[in-house]
Structure formats: structure tokens, C-alpha cells
Amino acid sequence: MGIVVQNIRRAAAETVAQFAEFGVATVHESQGRTGLLAPAMRPIYSGARIAGSAVTVSVPPCDNWMLHVAVEQCCPGDVLVVAPTSYSDAGYFGELLACSLMARGVVGLVIDAGVRDVKDLTAIGFPVWSKRIFAQGTVKETIGDVNTPVVCAGALVKPGDIVVADDDGACIVPRDQAEDILAKCRAREAKEAATRTRLNAGELGLDIYQMRERLAEKGLRYVNQTDLD
Amino acid sequence: MGIVVQNIRRAAAETVAQFAEFGVATVHESQGRTGLLAPAMRPIYSGARIAGSAVTVSVPPCDNWMLHVAVEQCCPGDVLVVAPTSYSDAGYFGELLACSLMARGVVGLVIDAGVRDVKDLTAIGFPVWSKRIFAQGTVKETIGDVNTPVVCAGALVKPGDIVVADDDGACIVPRDQAEDILAKCRAREAKEAATRTRLNAGELGLDIYQMRERLAEKGLRYVNQTDLD
Amino acid sequence: MGIVVQNIRRAAAETVAQFAEFGVATVHESQGRTGLLAPAMRPIYSGARIAGSAVTVSVPPCDNWMLHVAVEQCCPGDVLVVAPTSYSDAGYFGELLACSLMARGVVGLVIDAGVRDVKDLTAIGFPVWSKRIFAQGTVKETIGDVNTPVVCAGALVKPGDIVVADDDGACIVPRDQAEDILAKCRAREAKEAATRTRLNAGELGLDIYQMRERLAEKGLRYVNQTDLD
Amino acid sequence: MGIVVQNIRRAAAETVAQFAEFGVATVHESQGRTGLLAPAMRPIYSGARIAGSAVTVSVPPCDNWMLHVAVEQCCPGDVLVVAPTSYSDAGYFGELLACSLMARGVVGLVIDAGVRDVKDLTAIGFPVWSKRIFAQGTVKETIGDVNTPVVCAGALVKPGDIVVADDDGACIVPRDQAEDILAKCRAREAKEAATRTRLNAGELGLDIYQMRERLAEKGLRYVNQTDLD
Amino acid sequence: MGIVVQNIRRAAAETVAQFAEFGVATVHESQGRTGLLAPAMRPIYSGARIAGSAVTVSVPPCDNWMLHVAVEQCCPGDVLVVAPTSYSDAGYFGELLACSLMARGVVGLVIDAGVRDVKDLTAIGFPVWSKRIFAQGTVKETIGDVNTPVVCAGALVKPGDIVVADDDGACIVPRDQAEDILAKCRAREAKEAATRTRLNAGELGLDIYQMRERLAEKGLRYVNQTDLD
Amino acid sequence: MGIVVQNIRRAAAETVAQFAEFGVATVHESQGRTGLLAPAMRPIYSGARIAGSAVTVSVPPCDNWMLHVAVEQCCPGDVLVVAPTSYSDAGYFGELLACSLMARGVVGLVIDAGVRDVKDLTAIGFPVWSKRIFAQGTVKETIGDVNTPVVCAGALVKPGDIVVADDDGACIVPRDQAEDILAKCRAREAKEAATRTRLNAGELGLDIYQMRERLAEKGLRYVNQTDLD
């Protein structure tokens, strides 16, 4: 405990930025349904979609001292990822810290705890994914770690991993797989665009995905309501 | 298990459509405070108000195969009602399935599980009431039922029942009582309009509803703060 | 049980009104991190910020009779604070009661239970902080108290205390400390404005708050990623 | 609302009683994984296992009046099943009501709400499955129904259905399937006894259930830890 | 913050001790259904029933320093009541602190947070009511208060109030009403003893409490199952 | 996905076994308050205390196929650690699987999901820590992984790590730190034994830990109740 790792490796900025074109669901599917944070993690306002490199912070419960330490380690395009070592829904983060992060080019915060000043954060347009909105203050008494691996809302996050977040929640892409997953996202989106056109035209998924035969094999039976009367 | 009931009975389309004029609270009150789904069922965006005939789907946990089967059974004006046989908050439903349902004239989805692609669903205007927003994917391995009675979020829903949903949640009207409940909704709304006028003018509910005498009988006493000092 | 206290003491109207300039987080910090309601208390729509004198109501579970009694005790600038004597998430409050409260100049409702008619309440602009949105109706069978001290969502509220609420939740200021806390809010806001300017300019909290030395004393160590390989 | 159905049909007493030989998991599996109540329903003490015919009670939130009405409808071997019309965790039931039920030969209570006097209920050996232990009292103001179908903890229960409950929770068997399900329980138990002998002897489920080939088809690969280094 | 109130007033020891003869439900009913802590507060082992004078501790989240301060303020027959100023389920209390409290004659602990060493606490017979069992440690950095009024699990507790706890949870009796409530508990128990005898003999609550007429007035109707077919 | 790692490295059997002498709280403290699973993980019966080497299983939601695969990888003294890839409280595990594990010398199960046959598991003495007791069955359709790192109930578990579990919950010790942590556990226990003797004799923690001066520096003030009147 008490370590700040400097100069972490990040994926190429242009790679990271491209993830913001894809939704969390697409990214999550493209990497084999891994990396999702728990659904308790919700955005404080609707419509934001971000991608960035994770600067991780391991914090004591109800103590936000290390957030100030972490700010200095942030670069443009980063996302701060905060995980308490024990459950806390206290308000670790508010508008002043957001100002500081925005001054460094940080694009958002993911925190498995509480956040406050939500009205102001919405006004200045700094997006946050948290499990709680709560004004409860924190202390500055105990140190923690910056840029060590953390478990945040049930997902393992290593410093430099890519964080993607939107209205569906947040998802983590391992740094060394970024290029590969990005390619898969593109392929998936292309395929879905074709399917979308057919579905919009009224074609059925049952036919597009050729499900009828396998369903029959599993024993699916069709009956009429009148036959049951 | 493994039954798809076709050609279910629905209430008259013009009857069903009129329910959308009334809020969930009005419908719930008009049928004797029955039929409400649990409050965990929330809309993915604010302001929608729908009414439609229920096409019910009983699905295995974390398996959305039957949703594709159910789409084919939907008619214009229907609402898809999805109930897992065991707790699941996985994201059974996303934007592609919404495109397919919209192509068939379905007006909304009520699901006692998770939904994803919320940003896209909001953009295309397909309303969903769910207990969770979660990008977690599902499999297509096990069959279930379409158009059999289900318990969804604590309420019994039979195929063809009327589903009413708005910012307050969702409520189920038995198909064979639709006309009767509709009439009661109208009557209730008329009565409330008259009360609203009086309340807006400053009259008290205590007087409008003639509560003072019964409250006194129950023993209600008025004292002054100064008398307690 | 069964007492209505009339003519409670309130703080000066101009004092109360000024609290609405400050966020809940600021007020909470200014009074030593006390008085916050539990984070389950959420606004039914975003963006409202109110301050008012508490008219308290102790209600039986699932019984909203006393709300009608309480309306008569409200003055312009008041906030109704409702606490059930046992857990309930039923919809005690809807649009008609809001009309009645607005006619008396009440600025909002804080209720440790459910609320309904949310679409209408949003339309008429009556803000509510509740732990649930639920259309479930209540009865009118059992009396309770108006303007006695209550525990609401974990906080003690005495009649005449100041209620401040915004997107962060709700906070209670004891009536006899109103002037003192107001002054502290002003001082805090002034100090934060100065800090904000420096943070926006890129200065670090580590330096502004002079944290580096104390962090080093606690044992914080900086290492480079390459040193760990 | 306000109906008491008398002289409900019950399954044969000797059929019902035999269900108590099987665990909830066995019964649930034998009827195709249906009928389970939500896992929030827990026994107040460990080790009880009961089976009985359901006498159902639909009660208002925080109002236990109808429990007194229901007692009169109970016969030896019955299980009382109580479902509030809206969420309540109040203590509807305590030791005096248990005395009354025991005097009529009732073998247990299943209640989707709270129970109290747990120390006494344990001492007299009256088993209860509830979602909460809570001393909070209820009122006797509003009527409900006895012996109409209810949704209890997510499961549909019709009067006369068989209730089976043990340390795993509670499960409902439809009355008209009782004989059939009982036979399936016996068959399942016999088969499991044979498997148990083989497993205890160290044989693997992989071999007994012949899973290896299908797992390989799905793509399961075995590697050595040393190969990953 | 930071106050320790010494030499608080307690009710007479013989009065306090007598409350342990009554269950929490009886005490709660005898004082008009007030004073109950939330049902999340559960005993760490079954069968204990205690009564004692409250020594209250207001603690920071995840910081148990003040418990050591509080021990010195305890007298034989006291119950320690601990309330964090913000949500925490950390393990504030374990076997060593229990040894210290037992050495001073303290009869139990009520804590709206976590407890640990449960196996040891059970072995030495020190009863605890908590909302969580959790080994997570706490720090000793921030002070709080001893013997000031606290809100614990939703109930107001003043130092010197009587705490009664058993398998049903915990309940608070205001110190100045102790004698009065004790008398009511006795009266209630005597009345219940008489009712118990009649119920055990098979008499119905419907007749003992003379409910039949009032139920009929409310509209309760009896029908036969065969009439509904 | 779909990998089974064989012949994982384990700590020395005699090292692992010695951890069972220490409680979870001691182990957690001895390794700097890390490695604890979430408090939702509870034992199915009281009094068990185990330590073993982790065989990890990553399972799909509501699919227990991989548990059968994992059994074959278990050695005497192992603990099976099961983590679903998405939330599930289904009953993955029952008495037959326990028989199979016991035949291989496995000492317990830690599962971030549901378990069933609790009455039988208690009878045969196979301890389980789970977040739910639920009879809900699972399917065998989708493969997962055995002996890859998993996040279980918020903690990272690598195959071969030491699992310690008792009535307080469960804690993970990294394999390569086992000897070091064991020594710290011993030292801690020795120190606590000395403190226990002093506390039992009535000495105060305030004095033993020499807290008085630091508390005074923080501003703690002692007042008499009579001074506040």
C-alpha cells in the first residue's frame, strides 16, 4: 500500500479514441462478453459516451485523499477509475476535482462509490459513472495506491486498460488487446448494419439467423389458442 | 415447456389504445389497486406512456432465444412482456430486436430483467420498462414459452391482457375487464378534474373529502407549539 | 400519536430562501457533515434545487390520510417531510396533493416512501425527493402526527428545520443554527471559487492544499512503471 | 376483494404428506423447475421440512386482520400462504396466531412479509418461511381475500396447491399434478441414490453422465500450468 | 463533534433488568409501536435476549477509534449502541473489544455496521445485533462522540435509554418512560396468557376478539368453492 | 473461454492446513486488509473453519456444467471457488456434487451464486460459503474455464491461492505469500493473546494502546451530563 506508479503504458491515443464510436454492448460482445462492470454503475446524466486509458486508484473507504494524488498522474484522454478497498457509497468526488481533471484533459470518471455536485457536473459536462449519488463527505487520513491493478465493481482493471462507458454502463478492454478488439467491433458493427436493414424491412430474426430448424429439434411446438380452449 | 400459442385473443384495438390516455396510477386505482408490477420496473427514458396487448414470453435465465420466436407472434399495438423463469438481470434485449418489433408495430417492451443499447433505444424512440440496464449478453441454448400465463415482476400476466406503462411503472388489465376498467378510468378522471379545480383554488382536501369529523372520532388533537413549551 | 402541532416556529423567510443558492453538498459540509438523508432519496426529475421550512408528518405504513391534515398546516416556503412509522414504498403522494400544496406555496416534498403521477408532477414542476416511484395506492384508516420530530431516511427532522434539496439528495439544517450555517456556506463558497480558478488553470490540489509533505510522511512512494517490469 | 372461499379442494392427505419426504430441490426439479418462491423466503430456524395444502390469504400492506379470518378455513395438514397486495415487511404473524393454527393442525406458514416472536415460535416448533423477521406491528382495518389465487414471492399459488418447504426455501405443486409429481420425485430420488453410491466411491460425474465427448465438441481444451508459463 | 458525555442518567437497574423478561415485540407494542430498529439488524447467534442502558457512540465510517473511548464510559448492565455518521458495513467490533466490555459488565452490542470474530463471540457468549457480519477492518484516525443522541438503524437513541433485543431485533424505550412501559408490558403479557389458553383450546380469534360483525360491515362475504365452479 | 488448466501450483499442504487455525479476520489483518470477499458471502451453517488451495471455476450464468469438469482437477485439501461471468443466484451446487468433492478430499466450496440441498449438506458436513440459498436449477449448455484467475465476490482469486473461510466470511491469500502471511498470523495471535489477558482483567484499551494523548490532540473533550443541563 502507498504506491504511485508513474508513466504507465497506454494504448495509442488514436486507438483509444476510436472505441468511443462503439457502444459498451458492442465492445463487451466483441471481447467474448468479458470486462463489464456491475450494473449498479450508472451515469449521472444520459447521453455521454467516452473511451479512455485507465488511471486506477485504490482508495480507503470514505477517504478521498488519493484522488488528489491521482490527478497528477493523468494525461489527456485518460479516465480515472476509483475502487475503494471496502464498500463505501460516500461522495468521494465533486465539481472541484472535476475542474482539476478537465484541466488535464481527463474525459471521465468511473467510481465504485458515491459522487456529489451532480447538478454542477452536469452543467460543466464532466461525465461520471458511479454506484451512488451522495453528498456525504470523506476524510483525508489514509493513503492508498495509484496505478496498481484494482477490482472495480466486479471487474479487474489494470492501469492503461481502455475504459468504454455509455448509458449501458462501463466496460474494460485489456490494453494489449485494444487493436484486436477494435477490429472486432468494426466487423460486428458492419454485420449488424446489414441485419438492421433486413429487420427494419420486416424480415424476421428467425429466418435471418436460420433458427427454425434448431428450435424444432429442441422440441418447440406451435399451437393455436383455440386448440387450448 | 416449449410451447408457442398462436392467434391469442386480444381486446378491441380501439379499446386498448384508449388506455394510453390514462396514467398507470389511474388504471391501477380503477381496477381496485391490482395488477401493478413491482417498482423496480423503471422506464429507460422519461415521458413515454403506452398501452397495448400483452404477448408474453417465459424465458430461461440469461437466454434470449425465445424473444426471436416471440417477435413473429406480435401484431401492431402489442407490448412484449418478458419474464425469466429464474432471476436474471442480463441484457436480453437491444436495438436490433427493437427494430424488428417496431417493424411489426409493437409499441413497447416490459421485461423483468436487463436491457442494453439504451442510448440507441432512446434515439429511435422505443420505450422499455426493465429492472436493470445492463450490457451483459445472453445465450441461445434453451427454449421457453410464448403466450402462456407468466408472473412478471410480481404480477400475473395472461396473453392478450392490456399493459399500461408510463413514468410510474407498469400495470396489467385483464383482457375481459378492459371495457369495464376503461369506463371506470373515465369516471375517475372526470371526478379528479373537478377536485383539481377546487384544490388549485385553495380549498382543502380536509373539506372537499369531509374528513374532519372522522379524524376527530379517531382522536386527532390539535395543539399549539407554544402549548408544548 | 394523533397530534397536530400548529403554529410551529420557522426561521426567517429570507434566511431560508437563501439556502437555495447553495448545493446540498455545500450545506452538508458547512454544518460539519451532519443532517444528510440516505442516498436512496432521489429527485423525480433533474435540476431542481429548493430550500424551505419543514412541516413534518409521521404516517402509518401505506396510509396517506395525514398528508391531507398536514396540507392545512403549510405556509408559503414550506417543504413537506413525510416519514412512515414502518417501511413502505407505496405511492402516498400524487398530482392532486401537489396541486393542493402548490396552492399554499409549498416548494417541495421529501418522503421516505413512494410517489406517483411522476409524469404530471414533472409537467407542473412540483419537485419531490422520494425513495421510490410507485403507483401503489394507500388507505385512509389510521391517524399519525403532524409537526412532531421524525426520523426521515436516517436523519432527525424537527418541525421548522430547514430542508435543502437538489440533485445530490436532501439535507436538514437545525432551525436555530440557520443563520450560522448560512454564513459558513457563504464563506465556503467564496473559498471554493478561488480554488476553482486555480484548478481550472491547471494548478494541482496537491500543491494548493499543500499535501505533498504529509503524504510523504505517511509513506507514499513514487515508482516508475519501468522499474516494476 | 373481500371474499372467503370455503371448502376448497385439497389433494388426498396421504399424497400431500408424502411430499415431506422430499426436499424442495427434488420437487422443483421433478416438475420441470417451476413453482419456486424467491430466495428471499427463508426459514426462521433450520432443519424443518414440511408439506401441506395451501390456504391462501391476500392481505393489505401492514394489515393482518385477514389472518384471523383464514385460521377458521384451515384443516389439519394445511399450510397458510400469505401474500400482501403491496410490499410489506411488517410482522403480520407471531406466537399467538401460531398457537391458533397449531390447534387446528396447520403445519407451517409461508409469508411474503415479516414475522415476529421468533424465539417463541422456535420454542414451540412452528416453522415459518418469511422474507423478514421484524417486530413491527400491523393494523386491522382493511379486508382482503382467503382462498383466491395469489402471487406469493414471485410464484402463483392457488388454494389447495401443495406447499413443500425446507432449508432451501419453498416450492408450490399444482393440486391436480400432485400424484404425477410425487411419482417423479420417487423416480428421481431412486436414480440419485444410485449416482450417489458411485460418486462416493470416487467415480466422476464426467464419466457417469458421459459428458466428455460433448464437452470436447463444445471446444473445451485441457492445458498444463507449465505450458502457460 | 468530539464530545464524551460522562455520568449519564440511567433508569434504575432493577427496572432495566426486568425488560429482559419480555420480547422485543411485546415492548414495541406496549409503547405504541415506536422505537424499533430496522429489520436489517440481526443477532449474530440465536436465543439471546437482553435489556440494558444505552451508551451511545457516533462513529465515522470505517473508523472504530471511539469504541475504545466508549468502553470507559460503560457500567454493568449497559448496552453499547454504535451508529456511523455515514453508511458502513465494516467490521468495527471483534472479540477483543467484547472481552473489554464483558470485563465492565456490558451485556451486549447494537451496531448499525459490521461485526467480526463471530465464531469467537458466539463461544464467549457476547451477543451482538448488527446489520452485517464482515471481517473488513477499520482505522483509528477520526474522533466522534460518546453519549450524544444518535439515529441508529432508523431509530433515535438517547444515552440512558433502555435497549431491548432478542431474535426479533432491537427496540428502544425512552428512559423517562421505562416504569410506565414496564407496567404495560406486564399487563399485555397477562392478557396474552389468557388468550393463549383459549387459542390452544381451539377457540378462534374471530370469536375471542369479536371480529365477525365488523368484518361483515366491511363487506366480507363467504362463498363455497363449488359455487364458483 | 473453454480452458482447463491442469496441475496448478499449490502451496505446501502443511502450510495451507495451518491457516485453518486462524480466523478470517486475523488472516485479513495480517495481509494488510486485502483479499476479503464481499459480506454477502455467508456460510450455510455456523461453526466451520477451513483453509485450502483454490481450484477456480469461471461459469456462465445459471449453467453448472463446468463444476463437473472442475471436480476432476481437485486434490485433497482443495477448496472449489466458483464465479459466474454474470450475476446469478441459481443453485449451481447440491448434495451430489458435494459427495463427489468429498470423495476427492475437497474441504469446502466458495460460490458467488446459489446453493441447494442445504439440509443434506449440513448433515454430511460439507461447508459452503455462498451469496444465496436457492433451489433453482441450472442447465449444462455452455462451457467456461477451470483454473484461470477469476473475480469472485469482489476479490481476485488465482488458482492455487489459499482460501480461508469461517463464520466471518472468506479471505484469499496469494500463494506466493502464504509462508509470510502465516508467520504474521502467528505473531498477531500471540500479541492479541497478551492483550486479551489485560482486557479481561479490566484494563482499558485506551491505556493499553496509549490512545489518550492522541485523542486529546484531535480535540476530544469530556463533559458531564449535568454540565449540559
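In this document, chain identifiers A, B, C, D, E and F correspond to the written order of the chains, with residue numbering beginning at 1 in each.
Here is the rule we go by: a contact is a pair of C-beta atoms (placed from the backbone, for glycine too) under 8 Å apart; a residue touches a chain by one contact, two chains touch by 3 or more.
Here the structure is a predicted model, which is why all the values come from computation and not from measurement.
Shared contact partners of chain A and chain D are B, C, E, F. Interface equivalence for B-C, evaluated over A-C, A-F or C-D, points to A-C, where over half of the contact pairs coincide by residue number. Just to note, of C-E and D-F, the chains joined by more C-beta pairs in contact are D-F. Chain B and chain D have centres, each the mean of its CA atoms, that are 28 Å apart. Chain geometry summary: the mean Cα position of chain B and that of chain F are 42 Å apart.
Among the residues of chain A, those touching two or more other chains are numbered 33, 36, 39, 86-87, 89, 136, 142.
Of all possible chain pairs, the ones that touch are A-B, A-C, A-E, A-F, B-C, B-D, B-F, C-D, C-E, D-E, D-F, E-F. Chain A contributes residues 60-62, 86-90, 136, 139, 141-142 to its touches with chain E in the complex. Taken together, the chain A residues at the contact with chain F in this complex read 1, 32-34, 36, 38-39, 85-87, 149, 151, 154-156. Residues 23-25, 28-29, 33, 36, 39, 42, 46-47, 49, 166-169, 171, 192, 195-196, 199-202, 204-206, 209, 211, 215, 218-226, 228 of chain B are the ones touching chain C in the complex. Contacts from chain D toward chain E in the complex involve residues 2-9, 45, 65, 68-69, 71-72, 89, 91, 94-97, 99-100, 102-104, 114, 116-120, 122, 132-137, 140, 142-143, 147, 159.
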